[in-house]
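Sharing a structure here in structure tokens format.
Just so it is clear, A, B, C and D label the chains in written order, and each chain counts residues from 1 on its own.
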Amino acid sequence: MLLLAALAIPALTGTALILTGRDSVRSSEANANLVSLVASVATAALVVATVITRPKVDYQWLPSLGVRWQFSVDGISAPLLILTAALGIAVVVHARSYPPHGGSPTTFYGCLQLVEFGALATFLSRDAVVFFLSFEVVLIPMWVLISRFGDSHDLPARADASGRFVLYTVLGSTLMLVGILALVHSAGTANLDALAAARGAGLDRSTQMVIAALLLVGLGIKIPLWPFHTWLPPAHTIAPTAGSVLLAAILLKMGTYGIVRLVIAPLPIGFGALAPVFAAAGVIGILWGGLACLVETDLKRLIAYSSVAHMGFVVLGLSSGTTAGLQAALFANIAHGVVSALLFFLVGGLKERWGSADLATARAALREVSPRLGLALVVGFAASLGLPGLVGFWGEFLAMYSAWSPAADRPEGFMRVLAVLAVTGTAVAAGYSLRVLRLIWSGDRTSPAHVDAHGGEWSVLAVLVASVLVLGVAPGIVLNTTSKDVSVITSEVSR
Amino acid sequence: MIHLWLPLALVCVLAGAGAYGVIARRNAVLVLIGVELILNSANLLFVTMGSVRGDALRTGQVLTLFLITIAAAEIGVALAVILALFRKRGHIDLSEPGA
Amino acid sequence: MSQAVVAVNAGVLLPALAPAIGAAVVLVVDVAAQRLRRTHYMIALVSLVVGAVGTFAGLGMVAGGVRQTLCLPGGGQCMYAADAVASGLQLAALLAAGVTLLLSWPDDKKQSSGSTAVIVSLVLTATAGATAVAGARDLGSWLVALELATLPTVALVALRGARSAISGAIALLTTALVSFGLLALAAALWFTATGSGFITPAAALAVIDDPSRRPILVLAVALVVAGIGFKLSLVPFHAWTPEAYDGAPLPIAAFLAGVSKIAALGALLIVIRAIAPLGAPALTTIAIVAAASMTLGNIMALRQNSVVRLLAWSTVAQAGWVVMPLAAASSAAVFASGAYLLAYVLATLLAFAVVAALVQTRGAARARDLSGYHGLVHDHPVLAAALGLALLSLAGLPPGVLGLVAKVTALRPVVASELWLMAVIAAVNAVLGVAVYLRWLRVVMATAEPETDMTAPVAAPALSAHPATLVAVGLAAVALVVTSVNPQLILGLLGS
Amino acid sequence: MSELVLQATRMVVLAPFVASVLGLFVARRRFASAVIASTGAVVTLLAGSYLLYAVHHDSLAGEVSTIGALPLGQLRMPLHLLVDELSAIVVFAVGIVGLAIQLFTKWYLHDDDRYGVFTGTVSLFLAGMLLVVLSGDLVLTLVGWEVMGWCSYLLIGHYSRKDSASRAATKAFLVTRFADLAFVIGLIILASGAGTTNIRDLMATWSGLPGSTLLTVALICLLSGIAGKSAQFPFHDWLPDAMEGPTPASALIHAATMVAAGTFVLARLFPIFVLSDPARLVLAVITAVTMIGAAILAFGQSDLKRLLAYSTISQISIMLSALAVAPVTVGSGPAVLYLLSHAMFKALLFLAIGWLSVLVAGTSAVALAGGVRHHKQLRVPLGIGFLALAGVPPLAGFVAKEYVLGAAHDNISELGSAAGWIVMVAVGMSVVLTAAYCTRAWLVLTHLSAEEEVTHEAAVKEAVEVEDVSIVAIFTELASEGGIPPDSAPASGSTVTDVHAEPEHGHADIHRSARLSVGVLAFLSVVGGLIIFTPLVQVEPHITWWLAASSFVLIVASWAGVRFLAPVDGIGDAASRLGADRMALFDSGLGADGVYVALASQVVRLAEIVVVADRQVIDAYVRGTVVVTRWIGVTGERVHTRKPSSYLVWLLVGLLAVGVVGVTTW
């Protein structure tokens, strides 16, 4: 009941907001913000309660297709749920400082709510088809956010970015649907737990490989996996701050989460066969994204490319097939969620101040004119380069470790080469992080001056900075939550 | 008692001629006639087969009557439309692109 | 040999009989009293409702359940048998016809063209054909019903008399004639091959053990695919579609997009069911046709600037989705195909209804052109919402959950029989489809002037559409919303 | 282990960490942040001294849990701290240096608007270093290792308004990070080989298979990272540039902490390091090259702070070389001993030079020329520092260096490996060179030009009392060690500093606390050598007398030589004999920076290629779909002539196709 409420509130609020978006904008701005703030807080509370009580929901929905409303929480989804709920609040609070422009605010907040709903439903659902439906829910709201509320300097670019996002993602999700249907048909059940328990029993290697390939490509587009990543930078560049945050911090995670649920658990053999290729793509992504960041001149694009790099580590960890690797991937998921949220909130605010996110033009040094933003920037990029003691470190280090000593059925030599390359990627990360800091953080320019973060913006940034530190110092918070279910998936005796 | 191949051959000829008429002719009425040829080949096939297989329902013969009736109805509608076309355009050439 | 006396169960035939009788009544009434116009529509609606009620008994029957009549004595075969899918199609056809009538409801302000009775009766007749064909099990009634569903539409298109209407009618007519010829040949070949006048698995099975007759049967099936392909407007039998849609009055276009497709699929499903035992290979042709239709339809729709033509091409694409599952010969395939068709019809009717409402509000010129929809969300938010829902449902994206579930349903059999290539083509076309409908939706959502709309939203212009049209919009919209929340309402109709 | 020891161990790391976090909140308020930072340092020192006591008195040693083990399946990661004699003594030393630097910074940066941030960062830096020292787990080592690296980035770039500073900071971090790549791989190899990251367990595992190639690879990888952090060739060039940072930062980074961390980690892993002769040979070569090269470069520096930087590089390589040669019997003792003594006298030198540079506003040889004559209270600290650095008996530097030589000697006599000879020769040469640049620096500091001699005569009387006052001040205040510094001291030194002592740029007079810290370090530099007679380090006190004698001879010889070379005119800089252009070359570190830049530019070129490929290749197929679609659409429109007749043709053609396909595929 808690669980259904946690889903219903954002869904209904979002729909209501969108449908009632007709009164005068000025008044509806504040109201809409208030309403969605209340809704997000309530949702977050319910999600927390759900994570604690771990209820199970199971309703008949489409008997003709054998689709059921099956929702529940386990260790793997719990952290993602918390992250989603927390960021759901954060984007609304942040939007108090930067009201949306480009359309009616009620639509804006409604779309935010719907995205949150879709993400929550994705992480909660235990039925493969329902998982797919929830996966699709986020598309249109996000498309509206980008195409209506995005950067209005270059309308063709905006149309291109939003179209790219939605079309590319639809391709991925439809391929995923084909894979899901094949999986469900050949395994005879749509229940994710049952699928995981079966561990691909009764599916011969070739079938597993075909299904796994479909699912990996489909979900890989969402992650985004190299070379399917070219939709991400434009989308991030154009999207409004809230959109970028949700996109990077939550939507990308749905891809990796889906791989854990739909590929690794149910198709161990097929995934094992494809893992080297998958891991290689991930590592190429690490280097590719990192190198692109070294010369990218648009700050938002830069962070988008860094997302490609960071998700590469997640992919690497997933491919290793060991408990350590899976733990690493799940942790890196959360880590990237927090860090990219921090950075996009930050950069979104900067873009509002600067008028553009171009690094080539000379700006006032953040350390001089806005110490708070400067602090957040330093912490954010320190975490982004995987500095130990911050949240970024554990996932990436463990991913590299697990790639070095992968599961028995992986080609060890090849994986070790990948591990070394991934390590190299961390140096590239350091390179672009320091590049950005040197460009906009240090220096003696104090003009054009701009106000420092305060109010909603600062509170959001502060909380995120704090969580970057806390999770970095005490990674056990996440790892202990996930460990039990992970070791079930890998069926590995832990020492 | 004629041999079976003769009517079947005729069926083929009719159908072929009809198809040719449909493709080659530009005049609406001639196309119509081509369609009629096809229908008649179908009729002939029905009758032939009906006579070969003597089933209780006389399916072949009955269906022939069905087809003739439907064809008549078709012709009615078709001619009406073709007439309308002639009124609008002054010709009934199907190779002219429509408005 | 026994005297063949068939037992007639009017209750079972009601879905087909009611509209037919309604048509007759309308004509009689028209003869009796000239000036009446709304009465015809009333009568028509009543007859449609009666027919719809008649289908209820057949809805949602478990697999194998069938209501049949016109059976030969001695437990012989029946010429009319309606299972769950057939009943579902019939219901859909009747309701779609009802929506069509609502859309073409006479406007008292305008002087009547006097053809009201004709229109109504023709619509009813075509509907009767559509419902009848879904249950026809023998060649005779199958051919007759199919033609009954086709010929009136030619007349309906032509009736407006405008130049474009005539061109559309001609395009429709010629294709219809030829494809009917083909169907007649197909029937003859079927009879030749099976020696039976019934389109049943039993008849088809008789052929299996006789290799000499097999090719004939295959040829028959091929001819059927071609002949039905015309009515479903599958590539390459589709070319008439944009012409006819564009030329016909909007309600008739909606009728063509709805009832005609239902009739065609009903006819096709009968043959598919019959030859299903012969296995999948015969259906490779369907896969090819389906792939071609999806791809060409979507790509061409992407380039249209007239919304009606866009909808016409989208019909072509959707038809591909409708027949795609049939490429996998299974009962699930028949179910899936029917389910997809219903979802498509509902969404398309809603789209047409909205367009019609806008035609009455803003005039045809503006409402039929894509650019005329710029900023609709500000002028008529409700209509925009309805249109958006319809388009998203066609695109298969939430909140149009119905369309999404339909896509899932349609892909299931394909994947189950491991037609990977078909599945991938379908995936690509899902993307193309999204591109098509979002192109329209973006125009709808576009803000007139990005800056000014923030400050003071312009007062929405009055919606001067005919109430009946609005009723149609409302009905379709509500139906779509409800079935999106719980698609089982639609899937359930077709049994499980 | 007793609960108290456990808490003390955690406290050592926790105190500075907490101090840095709290310091962040009060960064705006000087006094509060000073109090917090100093408190943190004091607590650390107290806890550290207690550890030292506990370890030796009750001979306690063992592991301390921290944040709990991480659940990682086959990989065990207990994240324990490890307390033993080695870590205890180094903790103590770091504690002393840290406290001294905190106190000194309070005065040194007293007019800097970012003092709070700086001192907070210093605390964090100390936390990182102490974590490395106490770590019983490779991952914790890595954490502290990288945290230090990041803090050094922030400290070097403290004057972020100066582009040169931020460039130096970036350079420092990137070079070390690059070197750390191999370090990380090495750690991963070691951990994965043993299935655990606990240092004692994995050392036990690896000891089981000596001479394994994988072990050698891992150790050489570790060496790369150590060379980076310890600024060994070829990663050495970041260190001189790091002088852009405030002097306390330099003292911190170069004295006890970051650069020595490598030595410590290697000492910690010594039991498995000795198992791989190739790795030891590599280390010997690296250190030999660095030792001599850096010493030569040091001699030619026109900036005395950079001179100290190069001397640090050279000294660190001496410590490391001890590890390269020490036989198992000798162990890591000599290296640790050298680490401790170097920590003391190098911190002393930096603080003293920093002090002087404040008074004369500059660190270049020209600016500092004669500084010691003008500011007599610095004569003793600087003198002690340079003597210890040169390794003049009986100061700490001398003892430590003798032990290194002894280790090399034992290596030759026991193992007779090439490493032994290399190190022996290299250290021998470095003795000469070190003495040379120390002498040069001292001569410059004490040189007075002719006209200055006159004014100097006037102050000569005061000079006497100045001297002992400073000494007295130092030794009396030893009693009140660790007292919270007064906010603004009515500097007693002001009365004694002579006319020239008035700060050129209105900097406040030295605080008592700062003076105190300098004094403590000076004291330890003098008596530090005696540590060998305590059980604090595992070295049995023996000195190879002929080595000691010969090195002393060498020192004297090189002192005399430089003394002879030094010109009387100018600033009495012996290095000026090298010629201006050659000195410029030395200042540029023989163009090592150019090499780094060239490498970096290669990476950037690669990045540009990637971006082009991203736009033109990867994205091409995305745009390609659009093109194809449009093309098909256009063709489609061309095909759809609205002729009914053509429709019929299509119909029949389609029928033909369908029929053919149907019949064939049946």
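Here is the rule we use: a residue touches a chain if its C-beta (ideal position, glycine included) is under 8 Å from a C-beta of that chain, and two chains touch if they have at least 3 such contacts.
If you're wondering where the values come from, they're calculated on a predicted model, not measured in any experiment.
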More contacts between chains, A-D or C-D: A-D
Intercentroid distance (Cα basis), subunit B paired with subunit A, Å: 64
Approximate Å spacing (C-alpha centroids) for the pair subunit C, subunit D: 79
CA centroid of subunit A to CA centroid of subunit D, Å: 38
Subunit B and subunit C: spacing of chain centres that average the CA atoms, whole Å: 27
For subunit C, residues that touch 2 or more chains besides their own: 167, 170-171, 174, 178, 182, 243
Touching two or more other chains - residue numbers and ranges from subunit A: none
Subunit D, residues touching no fewer than two other chains: 642, 644-646, 648, 652
Touch relationships between chains, expressed as pairs: A-C, A-D, B-C, B-D, C-D
Partner subunit C, residues of subunit B touching it in the complex: 15, 18, 22, 28, 31-32, 35, 38-39, 41-43, 45-46, 49-50, 53, 55-57, 59-60, 62-63, 66-67, 70, 73-74, 77-78, 80-82, 84-85, 88-89, 94, 98-99
Subunit D-touching residues of subunit B, taken from the complex the two chains share: 19, 22-23, 26, 31, 94-98
Complex contact set, residues of subunit A against subunit C: 15, 19, 21-22, 24-25, 61-65, 101-104, 118, 129, 132-133, 136-137, 139-140, 143-144, 147-148, 152, 159, 163, 166-167, 170-171, 174-175, 177-178, 181-182, 185, 210
Of subunit A, residues touching subunit D in the complex: 164, 168, 226-227, 229-231, 288, 291-292, 294-296, 322-324, 327, 365, 367-368, 378, 382, 387-389, 393-394, 397-398, 400-401, 404-405, 419-420, 423-424, 426-428, 430-431, 434, 437-438, 441-444, 473-476, 479-480, 483, 486-487, 490, 492-495
Subunit C to subunit B touching residues, read off their complex: 1-2, 4, 139-140, 143-144, 147, 151, 154-155, 158, 161, 163-164, 166-171, 173-174, 177-178, 180-182, 184-185, 187-189, 191-192, 195-197, 243, 247
